[in-house]
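One chain, chain A, appears in both complexes that follow, with chain B as partner in the first and chain C in the second.
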Partner chain A sequence: MLAILRSEIFKFRKANIWALIFVGPVIAIFAGLVDSGELPVNSWVYTVLMMNLVYAVLFLPLITGVFASIVCRYEHQAGGWKQLLALPVTKGRVFLAKYLLLVSLVFLMQLLYLGAIYLVGNMQGFAEPFPLEIIWKSVLGGWIATFPLIALQLWLAIWFKSFAAPFAVNVIFTIPTILALNSEKLAPFYPWAQPYLMMNIGGKVDAMFFVPWDQLLIVVGGSFILFFLGGYFLFNRKAF
Partner chain B sequence: MIRKLIQVEFLKSKRKGFWLLVFLGGFGVVALQMVNYGVRKEYLLQQSDNDWIYYLMNISNFTPLALVLGIAILTSFMTSIENETNAWKQLIALPVSKLTVYLAKFTVLAFMLLVASLLLTLFTYGYGVFLDLGAIPYGALLKYSFYPFFASLPILALQLWIATVSNNQAIPITTGVIGVLPSFSAQNLPDWLIWKWPSLMNSWNEPIYYVWLGLGVGCLLYFVGMFDFARRDVK
Partner chain C sequence: MKYVVETKNLTKSFGKEQAVQSLDMKIAKGEIYGFLGPNGAGKTTTIRMLLGLMKPTSGSIQVFQQDLKKSRISILSKVGSLVENPSYYPHLTARENLEAWRKILGAPKSRITDVLAIVRLSDVANKKVKGFSLGMKQRLGIAAALLNNPELLILDEPTNGLDPSGIIEIRELIKQLPQSHGMTVLISSHLLSEIDQLATTVGVLTKGKLIFQDSIEAMRKLAKQNISLRVSDQDEAHRLLLAKGIQTDYQKDRLILSEFTDEEIANAIQFLVQKQIAIYRVEEEKRSLEDIFLQMTREDQVG
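This part shows the complex of A and B:
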């Protein structure tokens, strides 16, 4: 298992595309600097809310799909799946290794985003101390909320040869997020809205995350189980 | 030659889901408002005196998103026909000019987007009539359906350029993802940013400027992309 994971990391590093994890945090820095009008009550909170709007609503769900397609790119070229699966590995472990790699990449990106927030705050010279606990919760929550989306995108990225097809599905599900977020009734149930909701530091602060536990378990957990198992079993049945 | 090449592009794009995406683009934007108005029609009708214009504004919140991401998908799809199978060589080896090949791809993509805009007009009209919002403002209906198309031509030219010259389609898709962000939060951004244009918001309050700018800058970026493509070796 470790060897498979190592080879996945190696393939990703050699894809010369790892710089993509910097794209989001860099855009977030711009968003944080552009939107600094007159600063209300707590400037950290205000800045993070602004940055989240740019980073978490559309960008985060969409970029997970791009990552998923990248980790399957080698195999889609010139019969790579056959070569990989002819090795003494099981399909289940290959799927798991690719999934773990994706989850780690998004985690790294979230850490960079945390750094971006810190940087913006320091550049603006905020008087209050860095509210690490709140922002840490937000970054971690946003990461967990992408688990189901990553699973679905990996499923699709394995299924389709082209980059555009899984991305099209991703877009179709991600655009309605904006509408879902406008509705207090709908938003808690829409998996693609969860990254934003779990990063939204305006939510309930007394809970472990910014959404209630049952929403986390049912919506994020439920869609994760559905997408992960769907991808896992269909990959096992697919012939390349 | 160009007519034949355009026919070829249409033929290659058959049964690959292009037209499904074109349909989904036009229909999806209206479908979101079907959900929106379906859930809270009373509330939305109270928001303004002019229900039709308010309905059109709601739709035009999503048109730029669908356009920018749709362009990224369609251009990447279009070039992946050759990219994935390394068929550029075979296509270019035919007695055709590279400039014309590029023009044919651009024309077909622009035509698809135009069809999507037309579908958007029809679905907007249809659901608006169904909602019974009063006198129909045909001018505004056409404006909100077709201005974004012209305003997004520079994005189409740019994405096609990036997609044809990138080996790895992650690059054009990522530029599409970055490009959708300005159209989502357009108000605070400078007017020269082409990704803002499909939202039709500008400091002059004259959406028609973006149509002319879109045509002008679109042509410019198109030529830059075409000549760069012609200059490069293909795989």
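This part shows the complex of A and C:
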């Protein structure tokens, strides 16, 4: 299993596109700097809310799909799947290795985002100390909320040979997030809205991840199980 | 007999079409098994099933006397393969491609340099594979198949895209693998001539059915030469020879004598001359293995 993961990391590293994980945090930095008119009470919270709007609503769900497509693209291009699956591996482990790689990439990106917030705050010379505990929870929660999305996108990326098809599906599901977030009834149930909600430090303040536990377990946990198992079993059934 | 590969009743259907039908394939240790068949015969489909890339519709597969379904991983760790078109990661160099697979196989790093040298790709080891010619990609595929020093090497049309000297090179390479490394080799082709000097056993597949499976010598026996005779009076000659107990095959413009010794031929001709029959031509008709292979696959299509 570790050997497969190492091979996956190697292939991805050599693809020279891992600079993509910087794109989101850098855009977020601009968003944080631009919106610095008259700052309300807690400037950290306000800045993070602004940065989240740009980073967590659309960018985070979309970029996970791009990563998923990349880690499958070089397998689709020239018979990579059959070469890989004729090695002493099981499809289950290959699926898991690719999934773990994606999850790790998003984690790295979330860490960079945390760094971006810190940077913006310091550039603007906020008086209050960096609220690490809150922001750390936000970054971690946003990461967890992408688990089901990554699973679905890996499923799609394995299924479609083309780069465009899974991306199109991804966009179709991500855009309605804007609408869903405007509806208090709908938002808690829409998986694509969860990254934003779980990063929203202005949300349910007493909750661990700014959303109720049952929402985390049912919506994020439920869609994760559905998408992960769906992708896992379809990959297992597919012939190469 | 203990076989390295043994399939029983192996069948694969795609919808209504049976791509592979009740295949009983047997490959003994140390053999070079030539797996022959015209395009679409089902060679690649069979090989995919042997590697567990595709599930059989029915039947069983034993490799190293273990059930493929149960022991797939331990079997595949001792198998090297090249299936259909060469597979590779275009964004990696030849060396990096091998490294990606080596990490999973756990072979020593030095093995990469070795296999690159074996297939003569050392000079371009650090070039991106997307710029490779078909033949170079094919060589990379063969290198990958050798990476784990396998006990069973499965090569699906490995000489595809190679130039004549490349074909000879690969042939020489494969030929010595059983002695030098104790490997068993399964090599598929749609040209008998390609593996004629290589295979020790031959399996002929047409339309998903294995219509011949035996040693190459057994196949060569089928290729024994015939003597064709053109004479002044063919009817009379045929009758006279028959009366003397010599069976000939009566064809439109000639008589065919098959499987006769030199002496028997000499006697028959002398006999005809004595009976005042003029001999116009005595010709040897050598059937090549290719002819036999063609005939086999053609007969099956008629039947």
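The rule is simple: the second predicted complex is superposed on the first by the 240 of 240 C-alpha atoms of A that agree within 3 Å, B and C clash if a C-alpha of one lies under 4 Å from a C-alpha of the other, contacts with A are read in each partner's own complex, and residues count from 1 in each chain.
Throughout what follows, contacts are C-beta pairs under 8 Å (C-beta built on N, C-alpha and C of every residue); 3 or more make two chains touch, one makes a residue touch a chain.
Just so you know, these numbers come straight off a predicted model, no measurement behind them.
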Original post:
Putting chain B and chain C onto chain A via the overlay, clash or fit?
Top reply: fit
Original post:
Does chain B (first) or chain C (second) touch A:V89, or do both, or does neither?
Top reply: second
Original post:
With the two structures laid over each other on chain A, which partner does A:N122 touch: chain B (first), chain C (second), both, or neither?
Top reply: neither
**OP:** Go through the superposed model and pick first if A:K161 touches only chain B, second if only chain C, both, or neither.
**Re:** first
Original post:
Where does A:A15 make contact in the superposed view: on chain B (first), on chain C (second), on both, or on neither?
Top reply: both
Original post:
chain A residues in contact: does chain B have more, or chain C?
Top reply: B
Original post:
Is A:F240 in contact with chain B, with chain C, with both, or with neither (first, second, both, neither)?
Top reply: second
Subject >> Nearest-approach distance, in Å, of chain C Cα atoms to those of chain B in the combined model >> reply: 9
**OP:** Show which residues of chain A both chain B and chain C reach, each in its own complex.
**Re:** 15-16
**OP:** Under the touch definition given earlier, write down the residues of chain A that touch chain B in their complex.
**Re:** 15-17, 20, 23, 27, 31, 34-35, 53-54, 57-59, 62-63, 66, 69-70, 73, 76, 161-165, 167-168, 171-172, 175-176, 178-179, 182-183, 185-186
Original post:
Where on chain C is chain A touching in the complex?
Top reply: 48, 51-55, 72-77, 79, 81, 83-92, 96, 99-101, 103-106, 144
Original post:
Which bits of chain B are touching chain A when the two form their complex?
Top reply: 17, 21, 24, 28, 32, 35-36, 39-40, 61-62, 65-66, 69-70, 72-74, 76-77, 80, 84, 168-171, 173-174, 177-178, 180-181, 184-185, 188-189
Subject >> Residues of chain A that touch chain C when the two form their complex >> reply: 3-4, 6-7, 10-11, 14-16, 74, 77-80, 82-90, 239-240
